[in-house]
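Next, two complexes with chain A in common: one pairs it with chain B, the other with chain C.
So, the complex of A and B:
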């Protein structure tokens, strides 16, 4: 569905986006992960045809991004990182208006409002919405014309856990319908849950690209942590693969002196730090 | 393809709706009507009433063309201000950029926000001059002057958008930019070559052309106007991208 090869781009003289290569299959959720200023939104702007003076190739649904025609956008839905809504119109009026720009049959507005818990706010003006309400309205605005490809730029940022959960479920539903989704996020937990594959982006380059599972398995090592009593309670750690080399552990097991023992898998955050040397959030 | 025009229609409808719902912008659009009422009907009345004391008609008749020229530039200017204010509001709300990823596109957005209103004001200006002008202006001149004033309207719109980042600033720039119309007065009130002090104003050449119908002024008008467009273009575009 999406094929990017040797893509580079810069806003100024200085090189920014460089050597970007990846492919996204139909029905896949592909994540862009990276610290602030890494170029995630910039990459999305290239893919959606907003920035057209790039080098290399960015082909979406068989069309080079530079050469998108108007009709192309019938099948693209974009949730930008900042809301783009008429503040003086109601939520419903906003959806109606943006829907009218498409020739496709629209989804039911009431159902969509309900999906994100705005069923009682459709007649309120957007300027009276909270930040999270605006995010949710902005999100369903991108789904309204039932696009085949979705670009979501930090859709869950600023949402409470419940709303965030709802939104993630909607994203998974869209995937189940065969939609292709590019998801930008800072949130490693969301990324690990939603994305089939993720690209770690730092300073305009992809530092790693694989499924969250593979990244965790290949790069990270499972640790075990155990505690025991020695005057006071003490804890120690060792790698799961090297338990036989840990004589303290052996000794404790033989004497039945272990108070607690846990194994812990590394999180995507740990892997991100290991690969890129940067901390997220 | 057909759907594109439907999208354009809805985009334009949304534009009109915003004007209608904003009292200030709505008043701006009504200004040409107020002007017509005041000068086309108020002026002869004033002349009639005053005739016993002073002959206002004699005093004012050399300046009738000034009234007509303001009649010509008022509609494009006011409609352009309305466009600019709506666009500034939409830039604020992030709407302008969003259009770029819809089938209507940035281009369709600009057509519905700039081209349609300008064409509309061109037609209205031609009609307004034909019906309401005090001096007799020939059809050929009427059309040329209307095209000139429409172009002036476009420049006014560019100025407001290029020089301001929100509606409040836009309003201030709008009031200031009204000064660019004083070139219309120069040929009537400033005798001799001093009037060319305001050569950089397109409105001077519009006025000169209306007074003398000399094509050289037409050419100068388009040269000076094009210069304004070129100077403003970069800032104007950067606001819309």
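So, the complex of A and C:
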């Protein structure tokens, strides 16, 4: 669905992003992870055809990004990080207006509002919405024309845990329908949960690209942490792949003296830090 | 269909954000003033009023409209929709032209200006010209203050010659100026209609092409292309 090869772009003489290569399959959730200013938004702008003077190739649904015709946007939905809504129009009026810009059959507005818990707020002016309500309205605005490719920029930012959970479920439902989703975020928990594959972007380059599971397994070391009683409760840990060398653990197992045992994997955030030397959030 | 929806959306936006309310007040004030003027002044005063306000509505309001759209980031969503720069411009031109013509005609009726079709044509074309100029300035400014400062030289260039022309400096070369042609049209004067419409058309095509280039650039750079 998306194929990017040898992509470079510069705002000035110095290259801002360079040597970007990746492919995204139809029905895949692909995450761009990186700190602010890493080049994630620039990459998204190239993919959505807003920046066209790039070098290399960026092909989306068979069309080079710099040659998009306007009807190409019938199949693209973009949820920007910050709400892009008419504040003095109601939620419903906003959805009707933006929906009317597309020639495709729209999804049912009432169902969409209900999906994100705004069924009782459709007639309120957007300026009376809370930050989270605006984010949810902005999100369904991107889905309204049923696009095949979704670009979501920090979709759960500013949401409480319940709404964040609902939003993530909707994203997974869209994936189940075969939608291709590009998720831009610096929330590692969301990325690990939602994305089939992620690309770590730092200083305009992709530093690593794989599924969250593979990244964790290939880069991180799984540890075992156990506790036992020896006058007082004590805890020890060892690497999973070196359990046979931990004679204390072996002895405790033989004597049935283990009080608790847990394995602990590094998080995606730990791996990001290890690979890029940067900390997110 | 999309063009119609954009137009309806723009009219709704202008209504909800109070633009229609402001012009209702202006219309009442201007129409009342016309009644106060002596009969011999009415047409001239109404022509200047219509030219400087309803016809030029786009120049002043376009700044407010685009800056509001920028501040509410709705241009981001428009930029990634099937709406083209040409459709965006057309919708703004027609929606502002519609309210300008209604307001201008009410003032024209109050002043008893004859040849109303000519007046309506003059107001609408004048509104289109100034809306396009307003779009060019607004697409290149980031704040209302910057917009207001940027319009000052444009106002001097666009408004002074027509005012001189209206008050008797009726030299033929002045008719190269779009404002002078417009005040003739708005006063109901249809002499040399074809030739003057042709000159005005050249002006409008020129400002349209500049506006198109600027709006396209604005939509492509929307969302803040910053390092």
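To be clear about the criterion, the second predicted complex is superposed on the first by the 254 of 281 C-alpha atoms of A that agree within 3 Å, B and C clash if a C-alpha of one lies under 4 Å from a C-alpha of the other, contacts with A are read in each partner's own complex, and residues count from 1 in each chain.
Quick note on the criterion: contacts are C-beta pairs under 8 Å (C-beta built on N, C-alpha and C of every residue); 3 or more make two chains touch, one makes a residue touch a chain.
Being a predicted model, the structure only gives us computed values, none of them experimental.
S.K.: After the overlay on chain A, what do you see for chain B versus chain C, clash or fit?
M.R.: Taken together on chain A, chain C would clash with chain B, as the superposition shows.
S.K.: Touch check for A:73: first (chain B), second (chain C), both, or neither?
M.R.: both
S.K.: In the superposed model, does chain B or chain C contact more residues of chain A?
M.R.: C
S.K.: Where does A:98 make contact in the superposed view: on chain B (first), on chain C (second), on both, or on neither?
M.R.: Touch status of A:98: both partners.
S.K.: So, does A:41 touch the first partner chain B, the second partner chain C, both, or neither?
M.R.: second
S.K.: Where does A:88 make contact in the superposed view: on chain B (first), on chain C (second), on both, or on neither?
M.R.: Once the two structures are laid over each other on A, A:88 reaches both partners.
S.K.: For chain A, give the residues common to its interface with chain B and its interface with chain C.
M.R.: Looking at chain A, the two contact sets intersect at 48-50, 70-71, 73-74, 76, 78, 80, 82-88, 97-98, 100-103.
S.K.: Considering only the defined contacts, which chain C positions touch chain A in the complex?
M.R.: 1-2, 5-6, 8-9, 12-13, 16-17, 72-84, 220-223, 225, 227
S.K.: With touch defined as at the start, can you tell me which chain A residues reach chain C in the complex?
M.R.: That would be residues 11-12, 16, 37, 41, 45, 48-52, 70-74, 76, 78, 80, 82-89, 93, 97-98, 100-103, 141 of chain A.
S.K.: Hey, which residues of chain B end up touching chain A in the complex?
M.R.: 3-4, 6-7, 10-11, 14, 18, 21, 90, 92-95, 97-105, 108
S.K.: Would you pull the chain A residues touching chain B in the complex into a rising list?
M.R.: 48-50, 70-71, 73-74, 76, 78, 80, 82-88, 97-98, 100-103
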